[in-house]
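This report refers to the structure that appears directly beneath it.
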Amino acid sequence: MAIARLDDISLTIGSVPILRRVELELSEGERLGIAGPNGVGKTTLLMVLASLLPPTGGQGSVLGAALGTPDVLAIRPSIGLSGHDPALYDQLTLAENLDHVARLAGVASGAVDVVLDQVGLAEAADRKAAACSEGMRRRTDLARLLLIRPRLVLLDEAHAGLDADARIIVDEIGRRAVADGGAVVTVTHDADALRSQADRVVTMTGGMVRS
Amino acid sequence: MSFWGQVIEFARRDLVAERRTGEVVAIVMPFGAVALMTLPFALTIDSALLSRVGPAMFWVVSLLFAMQIALRHSAADRPEHRAMLSLLGIDPFARLIGRAASSSLLVGLFMAVMFPLMVVFYSPDLPPGWPSALLPAALAALGLSLVGTLAAEVTAGLSGRTMLAPLIVAPLAIPLLVGGSQALESLPDNGGILPWTLLVAATDLALAVAGAVVARPLEEAAR
Amino acid sequence: MTKIQVMLGLAAVALAGGLVLALNAPIDALQGEFSRIMHLHVPASWLAFLAFGVTAVASIMWRIRRTRAWDRRAAASAEIGVLFTALSLATGSLWGGAVWGTYWDWADPRIATTALMFFVYLGYLALRSASPDAESAAARSSILGIIAVVQVPLVYFSVNMFRSLHQGQSIRPDGATMPGGMLVAMLVNVGVFTLVYFALLAARTDVMRQEEAARALEPAAGEAVRPPRFDEVPDV
Amino acid sequence: MSFWGQVIEFARRDLVAERRTGEVVAIVMPFGAVALMTLPFALTIDSALLSRVGPAMFWVVSLLFAMQIALRHSAADRPEHRAMLSLLGIDPFARLIGRAASSSLLVGLFMAVMFPLMVVFYSPDLPPGWPSALLPAALAALGLSLVGTLAAEVTAGLSGRTMLAPLIVAPLAIPLLVGGSQALESLPDNGGILPWTLLVAATDLALAVAGAVVARPLEEAAR
Amino acid sequence: MAIARLDDISLTIGSVPILRRVELELSEGERLGIAGPNGVGKTTLLMVLASLLPPTGGQGSVLGAALGTPDVLAIRPSIGLSGHDPALYDQLTLAENLDHVARLAGVASGAVDVVLDQVGLAEAADRKAAACSEGMRRRTDLARLLLIRPRLVLLDEAHAGLDADARIIVDEIGRRAVADGGAVVTVTHDADALRSQADRVVTMTGGMVRS
């Protein structure tokens, strides 16, 4: 079964066309890389794949649910997204942030300590998110994906701000999703990361996807 | 996670953040007290007049600050938070109720502190049996929090939508104000309190229903 | 026993002694027993002024020296000042209820200005706790600590500037306006409260110092971050 | 760039942002109108009482909302903005004055809209010659903006600042409140308006001086 | 003359030590790279070099001004910093943002169009910053440095989020500063960027700097 299929998808915000006639297929166990210049629509495409932005034209389905229909509500918990900005609450500590996610996702709360240790932040667990460095915040955002183990992982510049050691976190997230029969989509400007993280790379130009 | 589990988790999260920042207890409350003090300063000192407007001023301050509490910074979601919560499969109505619950607690606390201050600052003539106006007041606190939380949901996301916030707040808050303040005024005539209490309760219910209906569309729109 | 424990002990004993003295001092013919509130109200008011004055001085010193100790003094003194102001407001209000027949009167400028001052210093404390770290708290609050102290003379002289219920200062160059025994008891209580103030100040700054020292022993902030490890940490 | 050039540039930038977002016109003003309306709703309809408190209520609402205008989102600097401006060698006092200038315009506009609304809702007995109270009112608008801008600087970057800021500067605004409201009250006795106008003007001046003194230390502190 | 010299600098934030005994020298025309793991204090060190965070211990001078004294006010306009988050006002367009900077810096306003064109955003000049992609925002932030031509350029992860073509913007900023007799400090986790952007690389560990 295909994890995701976009067929002639287009997206217009206001009256500005952002995505045009996007065709894309993502199969189980696939690690897809998306490259393309700044402002071409990569982040927007990930939001469509996450079912968070309904397309304004064309047909698409993700994990069996048709995009733009209420069916997507059921499959959303199987999607994990890490975007340009880490989704952290500044006043809460790193552990509290992940604990909130664990409770809402119904994950055993012991897992929080484990993933924090895995990403190398065990000793910073009780630091407020606002008092953490950019890279620490990004590691915590990735720890969230380790916590909920989504089938479809969408990574938007997940390597930015990570030090050389921490890049294996991204590899590990991808490895797990693939092992669970899911898929990973990696958007990045980092050629090395694209090589190591993707089996297939597509390039976007002018709001369209080229293989 | 069950619906009520989510509600509790959101309320808990907000209260943890509040404990961390002390935004309501250490900041909003003292400012509320200062706001109560402004009218006497602006008015030519006239204690008869003050004691007449005291309870009304209490409601004005409650309304304004309930909105500030519901819209407070530590409970605000950025777009990346909203995306994350959507993908966790959260019921947006559960979030709304959880938020409103934590805000109600804080608004209730706020009103509980402002009332005695108002009594000291304005020495109003409270009718005997005024404690029975507590129920409508508590219901009004709940309602004001619901209004504020709804307004916060509507204002999240697209900036053009923010105009809607005051437009929904005004009509929704007026019945609460009228009910809450008239409950006290009507106390002298026996049984007069009941209709006002019912008005406030009915408004609360209507607000909850409105929340249930609009929560999902609002979530999808706020992106 | 540490020096601070001794001071706190002495302050407690003195407080008890002051209370005994207050209960045995002569009372005002008109006000009766209520006039004994004075022995609480007046010292609390004066020490509030002193506390905010110390906050201002310590804030100035912090701006010159930039040492943590001055910031701790400023903050601790403001906390105690808020406490004493609250006491002054509470006792004053009770007293007023008894002798003026009203707990609160906006026509009295000292009451209004005191209440405002109380909330400003609550704001001072809130500003500190809202700051992300001690350095930023010190930098912001030192400015407020210096500016806010102008309220002290305003509160003090407000009785003279406007007509009020409050009577003017009792201790004036032209001599006191109350019976001698009463005045002595009150002055003794001012002394007692001064002792209490300094004991509290020492205790509070010490607690703050210990909290900070505990944090300073931690490794550098960056050492809390380690390389990720997946092999060593098993999944749940 | 010269000092006044910087002042003008900051005021211009804020007004462009306001035109873009409509924050004051579309959000603060409707809320202000709601706040003015709540008192008549909360009071048993008693027009004699209303007409007595109307002007005072106008000043209370002006004070509270002037703070919100000065602290509005579109005029808030994030840490990266502050770093950038510091490195451009900006005189922080110029920024403060520029900010206060743009806020004064908006606060003046706010008060100009609230006043007729107050007259409609409360039908106060305006003394003949009330338009001459316009000067102290305008000066008060300027002062309230200065207070609010100062408050915004002290609390830059802190969470809960929309309430924290007004709390710590409220006493600075009280003379403006007293002066502004007493100017109107004192109109019937001839010449009574002058001392109040002077009080407001003197407060404005004191605030400007305070701003000049604290602008630089505040800039260094807000990091 | 040395552009910057840090001698035994330490920095404590709220009694937590962040920087310890940092020694650093930066001479004219030098391009220094700083590497180090997440959370080690690189961003903090840049803030100290920018004179924005006064050190709590030790001596330092930047462009001749002693750190922690009012002398720094005079040299600040010669320092340019691009941090983790672009310093843009969301409600203003890209052109308006740069125009604001140009006026405050006393640069001819015609220069705005030139630099926007140079960073490849001429056609997006009238888009609100909030409606721009991450990379477009970062390009605009770099365009600001082109506009004001600072002598000392401090770049914190300036390569993150830029597409392959846009990386030459960073090179160009460095080249100009060096040509003007200034210096560039580049903090990055990107090994390629470090190689191409720096003549000398130091590594930070535990709040200290190692050569």
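In order of appearance the chains are A, B, C, D and E, and numbering begins at 1 in each one.
The definition used in the following text is that a residue touches a chain if its C-beta (ideal position, glycine included) is under 8 Å from a C-beta of that chain, and two chains touch if they have at least 3 such contacts.
Note that the structure is a prediction, hence the values are computed from the model and not measured.
Counted as hops between touching chains, the shortest connection from subunit A to subunit D is 2.
This structure's chain pair with the greatest number of C-beta contacts is B-D. On a Cα centroid basis, the chain most remote from subunit C in this structure is A. When chain centres are set by their Cα atoms, the one at the greatest distance from subunit D is A.
Computed centre separation for the pair subunit B/subunit E is 45 angstrom, with centres defined by C-alpha atoms. Chain centres here are Cα means. That of subunit C falls 31 Å from that of subunit D. Between the CA-based centres of subunit A and subunit E the separation comes to 29 Å, rounded to the whole angstrom. Annotation for subunit C: residues touching 2 or more other chains are 116, 119, 122-123, 126, 130, 132-133, 136, 223-225, 227. The set of subunit E residues that touch two or more partner chains comprises 36-39. Shown for subunit D are the residues in touch with two or more other chains, namely 21, 159-161, 164, 167, 170, 174, 220, 223. Across the whole structure, chains are in contact as follows: A-B, A-C, A-E, B-C, B-D, C-D, C-E, D-E. Residue ranges of subunit D in contact with subunit E, taken from their complex: 1, 5-6, 9, 13, 16-17, 20-21, 74, 78, 80-81, 83-90, 220, 223.
The touching residues of subunit B, counted against subunit D in their complex, run 21, 23, 27-28, 30-31, 34-35, 38-39, 41-44, 46, 49, 52-53, 55-57, 59-60, 63-64, 67-68, 72-74, 159, 162-163, 165-167, 169-170, 173-174, 177-178, 180-182, 185. On the subunit E side of its complex with subunit D, the touching residues are 47, 50, 52-54, 73, 76-77, 79-81, 83, 85-87, 89, 91-92, 96, 100-101, 103-106, 128, 144, 148, 150. Residue ranges on subunit A touching subunit E, taken from their complex, read 13, 36-39, 43, 84, 124, 132-136, 139, 157, 160-166, 189-192.
Interface residues of subunit D, counted against subunit C in their complex, comprise 154-155, 158-161, 164, 167-168, 170-171, 174, 210, 214, 217-218, 220-223.
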